[in-house]
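What follows is a pair of complexes built around chain A, which joins chain B in one and chain C in the other.
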Partner chain A sequence: MNIFLLLTISIAFGIGTFLILRRDIIKMIIGIVILCHSVHMMIVAMGAFDGIKAPIIEGSPDKGSGIIFQDSLSDGILAPVVPHTTEVLHMDPLVQALVLTAIVINLAITAFLLILAYRIYEEYGTMDADELRRLRG
Partner chain B sequence: MTLLDHVVVLLIAIPILVAASMVIIRPYPNIQKWLNLTVSIVLFILSAYLFMQVWNHGIIVYDLGNWGKYGIILVADLLSSGMVALSSVITFLALLFSIDYIEKKSLNSTYHSLFNLLVAGLNGTFLTGDLFNLFVFFEILLIASCGLLIANEKLEITPSSHKMEAVYKYLVLNIAATLFMLIAIASLYATVGTLNMADMAAKIALMNEEGTLPWHLIPTALLFMVVFGNKAAIFPLHFWLPDAHPTAPSPVSAILSGILIKVGAYGFIRFYYLIFEGNLSIFQPIIIFLGLATIIVGSVSAVGQDDIKKVLAYHSIGQIGYVFIGIGMGTVYALAASIVYLMNHAISKSMLFLVSGCIVHKIGTRDMRKIGGLSSSEPFLGLMFLIGIMSIAGLPPTSGFIAKFVLFDAGIEGKFYIPILIAVIFSLFTLFSMFKSWQRIFWGEIKDNTFDDDTHTHENSHMMLLSLVIMAIMILAIGLYAEPILAITIETANQILDPQAYIDAVLEVEVR
Partner chain C sequence: MDQSVAIILAIFLPFIFAILVPYVEKIFKHRIGWYASFTALLTFILIATAAPSIIAGKTIQYSVKWLPSVGVDFGIYVDGLSLLIAFLASGIAIMIMAYSNEYMSHKEDLAAYYKYILLFMGSMIGMVFSANTIQLFIFWELTSITSFLLIGYWKHKPQSVYGAKKSLILSSGCGGLVMFVGFLLLRSITGTFDIPTIISDPSMINTIQGHELFVITLVFIFIGAAAKSAQGPFYIWLPNAMEAPTPVSAFLHSATMVKAGLYLVARVHPIFSGTEAWLILVAGTGMITMIGAGFLALRQTDIKGLLAYSTISQLAYIMTMYGYTTYQEPGIGVAAATFHLLNHATFKATLFLMVGIVAHEAATRDIRKLGGLRREMPLTFIIATIGALAMAGVPPLNGFLSKEMFYESSVMMGNNLGAPYTFIIPAVAVLGGVLTFAYSIKIIDGIFLGKRQDDHLPKKIHDPSAIMLAPTAALAFLVVLFGVFPSIPVNLIIEPAVAGILLDTVSLNVKLWHGLTPELFMTVITFVLGILLYTKYDDIARWQDRFNVRHPGISINYYYDKIVGNATYNAGRFSGKFQVGPIKYYIIPILLLAILSILVPVTLLSLEMFPVTLNFEIPPYELIVFLLIIITALLAAILPSYLPAVIAVSAMGFLVGIVFIFLLAPDLAITQILVETLTTIIFVLVIAKVPQTFKENITKRILLRDILISVTVASTVFIIMLYASQGIIPPFESVSHYFLEKSVLLTGGHNVVNVILVDFRSFDTLGEIAVIFLAALGVYNLIHSRGERK
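Up next, the complex of A and B:
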């Protein structure tokens, strides 16, 4: 994994956690968004396999090419495996599909949270989360 | 290939379709109402059919898009199809109740579509065989239940500022939990290279045999305890529940308390007994400990409450702890007991929330200090509430007695003496606070607190009472003749403890 990506993820996570612990509701929502984005970056970074793993392989698999399609965990192989000498186009498209789904869900939740914050401001007349203590649950 | 082969996906697709069409037919409230009731009955019949199919022919795997284990897969085994059947019953009865209970404005505009989305989310959560898909359905559940929490009751008993506050807590804590889930899913995916639960289980089992299981999988598995624990409101993560469940309209609280917190228990069973089956001995003591802490916190906090729905909400926390000690003990009998307990709590707690809805509808307040002597004017509600609290407290001849008896019996059989002792002691608190609230509401001097204006009718309609009667009959029937339920749950527990059948059924699916 790229060291700069790693640093970005961890710093964004730290900023998000810091903001979530603030008293202001808007700052909390911004913190949640930043936290979500750092997690999304982490998911994308998880797709960067080094070396032997290549989930999508172009071209038809023929027996002689050395491409393995069966899992063999006793040898430490997760299928499919491509030898280093074979040139294949490979990447992990799944994490990108996952992160798109996660971003869309995050968008919906952020919209809901912002509307909720506006309604809370209307009802309570404040954006201070510590003032939200009428329920005493 | 007939239509009935697609039952698994129909159980998710029909509610989503209906949710969309409910928005279109917003100007016709009557059609909305009858359509939703019909769809709810149809879903119940389909889920019962699915359960019968699974019971007779074994695990059904439905492959979406012929991608095999690489794509999204729906799996119906005894546990998941049983949970779907249970949730269909509860949601149908809550819907029957809510037609006359929810305010017309929110009923016509948003209630039906959000309700159907919630049903789709529940069915999807139980049926999916893919970990990321589980996350997506969790989010559907979260958003739909937040929308339903804000729906207005008739008479506006709960001020909307309280609802906003409760939803804010519920939403923020659950978003934090789902972020944990994403992190855990990402690290699991990076380690085992699959998102399919059965495939993951097979690979982790192989790594266990080889002794090459990476150490970071155990903390990852513990992260899932935060996720599912937050859904189930177990001890350190329960703070949203006593706010969110009482402020919701009563039929919605019935669904939230009856089914939605069981999603967490389902997640525990599915995740730890399928994927981390080989490392179960690490997690079992943690689950038992958390369950016991949950029982203690929930039962003790319930004693001092004055709000009728808050008492019930704290009992939901306490009762889910019993389910968790059953899950933690991990023998066939104990797992069966925890499933019986889960079912009993789903039915009885939904019924109690619906009865409290009737009381609130009649009296106009949730504060038990302002209610008294209802037994003379509402003897029927008194009887229904009594059946419910007897079931929660575990007295014969109700289903709660069977559930508690089987659970404690399983604990003694498995030599878990100290957890069972603590559970028995704190079930006395449950008994005490439940009967205390019954006595405060239905006995004592009559307090004149009925509404003065004549603009509303405050009598409980027949539809509301009908759903109560059905639930009471179910509770008594399970209490008096428990053998079929016990047979089903023991078979389910056997299937849970032997995950190889599940894994084989999923991995056998042909890849295009």
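Up next, the complex of A and C:
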């Protein structure tokens, strides 16, 4: 895997973590969004290796498609995801399907959280999670 | 009707009728007590159908498979002993619930009251008929729970709640669970939970008595019995249980539930008796409790409190008698104990119901405020005198007979042990009798004799209506009947019960006049000393009060309160420390734990796999996108105003879409860009309505801490991904093979991701749609609820 992508994902994850530790509710939500982005990238990256194709099959089924995952590591340990191999044709489609679902669900959650934040502000006049706690007593 | 069917019906009928109580209450209103009383009567009749064959010397056994994998059946075992307790439970319940019709105010939650009592009655009957220890334990704990509910019946009174908790902690927590361990030990010795199998097999009993775990098993089971019957240090819960409505105290806490411990002692009597451990443990605990509780009873000013201590003391009599044992004759006191068990249930229930009447009419239970009521309440006075004199052991009442038997068995026990016990054991027994005599007289004297205290009492006091008087009088009648014609109860129920314990046919000869025996002299001594003690009654009570004030530490209650109070306080402090409130304090431990549980094993297991082959080649356009992602994420974090921060985070979202293109995921890229557009719109809509910024004062310490956490989390993610991408973790076979192979073949779809979503895993997509739908509903309701508040 590309080291720069890896670094980017990790840094984004760190920034997201920093944000969900804040008292400001909007910043927390932004933090959750950033965390989700990095998790999505992480999962997709797990199924990605250099020099392979998108999981879209071209042509007829009997030609070219078929066996795609083969262990090429000499020590006999299989990778959890598709390793480097000469026969690889496609990216792992499953992780992509997973993440596609995750992205949509993430939208639902973000929308809900935002409306919740908005209603909290309307009811209590604050965006401070600590202050909210005090108000509740 | 088949007898075993009748018994099983008798167990479950109260439960079924208890469930129906709330519905029946709608029809019967405040007369629901008659329904409950009728249920008890029905149960009593069902149990009575089993009586003839038990009296004839048989037992009834029946079982159905319940938990065959652990060798537990649902079984019933009916012998004289279980029949006796079941008769007490259902018979006294009839009177108690009839009495409650008048006693309980119509404003109370009557449905709950009768429901709990019926549930208790069913549990008690279920317990005594249980053929195995597991079933016995379950019903045993059910009686504890129903007792808890009834003591805490007046939920608004803190004293009730305190008493209820105390009874549950001590009788169920400290007693029941320990007893359960005892049962498991017994099972490990014998290999069975079945009680009749164990007690009917002499060779098995020999094995148990010779086993190295014998003493510890006995101690554990006895602790359960002692806690239930308020013996030894466990006595402290019973006085506090007096917060329950008085009929409940009469029923549970004097006549039946506290007898459960004695029942257990009698039930395991064949297994453990005839050993020194049994004598020391059971009789020893009984004697100490008998004297201690009798002594403490003297200072009680609440009549119910006095009766509670006298109950403890009387139960201790019975315990002591069950404890009397020698190698040759394992059951010296069994007959006396069983007879006293019945007698105590009758006279103590009479006394409790009498106290209920007095409290109902005179509006106080304080013995200092009562007095001189004999003219106003002549009938109650007669009943009280019968009950109290029976407890004091005055002929010709039933208490006299069983007390004589107590003395007789004490003398026998003393003779068997030899000097100095020949003197000590009878002396202790007499001392117990003297104390009982004194406080029994106090009940009569304090309430009905002496001067009327007009300051404290209502102007007009009179005997209660027949509804309360009749059940009390019926019990008092039994007290006299059993005293004058002892052969009736003895032949009908005591002999079968004793036979059930000793596993042998017995013939008892109980008569009012049985010649000039040592025990008769002991009774005379008891009366003389009792009258002498009564003259010093108030001095002793005052001395006890002074002692209590001076030495608050010499009291079991003091330590109970300290332990329970400290436990509550420390639990509160502990959870207060971990559940501080702000979400971030929950997130931090979760993150740290995740890091520890992932990073450490990964590092330890795969240290040698490092270093890995890393790919540093990257096209410049990819590098730019990655850098932009980091920059936008950073901006989203540090920009103070919401709008710029939201713009930054949505820019990041679009860049993530581009990354998906690099990762050869075109579907994801499209979805991400569409979703990001929508997210941005919602973000902007919301932040337009709230203040544009929020200044959080981040101290250096918090900043440092949060950055440290974030960096740790980021490095963990980095390392995990690094390892994962090197293929460290042994995989399962990927299901992706299948999808790629079959996609075109089965569905005709060439885009495998799409095929998975709408075809192979379409139920997942349905779930996803459900999530969106729920979120939309939530959003709608949140916005909608705004109107209602304002």
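What we mean here is this: the second predicted complex is superposed on the first by the 93 of 137 C-alpha atoms of A that agree within 3 Å, B and C clash if a C-alpha of one lies under 4 Å from a C-alpha of the other, contacts with A are read in each partner's own complex, and residues count from 1 in each chain.
To be clear about the criterion, a contact is a pair of C-beta atoms (placed from the backbone, for glycine too) under 8 Å apart; a residue touches a chain by one contact, two chains touch by 3 or more.
Since the model is a prediction, treat every value here as computed from it, not as a measurement.
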- [ ] Scan A:112 for contacts with chain B and chain C and give back first, second, both or neither.
- [x] both
Task: chain B or chain C, by number of chain A residues touched - done: C
- [ ] Pick one for A:94: touches chain B only (first), chain C only (second), both, or neither.
- [x] both
Open item on the list: One more residue to check, A:4. First (chain B), second (chain C), both or neither?
Closed with: second
Open item on the list: Once chain A of both complexes is superposed, is A:32 in touch with chain B (first), chain C (second), both, or neither?
Closed with: first
- [ ] Applying the touch criterion given at the start, work out whether A:43 contacts chain B, chain C, both or neither, answering first, second, both or neither.
- [x] first
Open item on the list: Looking at A:123 after the superposition, I want to know if it touches chain B, chain C, both of them or none. Which is it: first, second, both, neither?
Closed with: both
Open item on the list: Quick check on the output: what are the common chain A residues between the chain B footprint and the chain C footprint?
Closed with: 20, 28, 40, 42, 46, 53, 55, 73, 78, 94, 101, 105, 108-109, 112, 116-117, 119, 123
Open item on the list: Considering only the defined contacts, which chain B positions touch chain A in the complex?
Closed with: 132, 135-136, 139, 142-143, 146, 160-162, 164-169, 171-172, 175-176, 179, 182-183, 185-187, 189-190, 192-193, 195, 203, 206-207, 210, 212, 239, 242-243, 247, 310
Task: Footprint of chain C on chain A - complex, ascending - done: 1-24, 26-28, 30-31, 33-34, 37-38, 40-42, 44-46, 48, 50, 52-58, 60-61, 65-69, 73, 77-83, 90-94, 96-97, 99-101, 103-112, 114-119, 121-123, 127-130, 133
- [ ] Provide the residue numbers of chain A that touch chain B in the complex, in ascending order.
- [x] 20, 25, 28, 32, 35-36, 39-40, 42-43, 46, 53, 55, 71, 73-74, 76, 78, 94-95, 98, 101-102, 105, 108-109, 112-113, 116-117, 119-120, 123-124, 132, 134-135, 137
Open item on the list: If we count contacts the way the header does, which residues on chain C are in touch with chain A in the complex?
Closed with: 581-584, 587-588, 591, 614-618, 622-623, 626, 629-630, 633-634, 636-637, 642, 645-646, 649, 652-653, 656, 659-660, 662-668, 671-672, 675, 678-679, 682-683, 686-687, 689-691, 694, 696, 706-707, 709-711, 713-715, 717-718, 721-722, 724-731, 734-737, 739-741, 743-745, 750-753, 756-757, 761, 764-765, 768, 771-772, 774-776, 778-779, 782-783, 785-786, 789
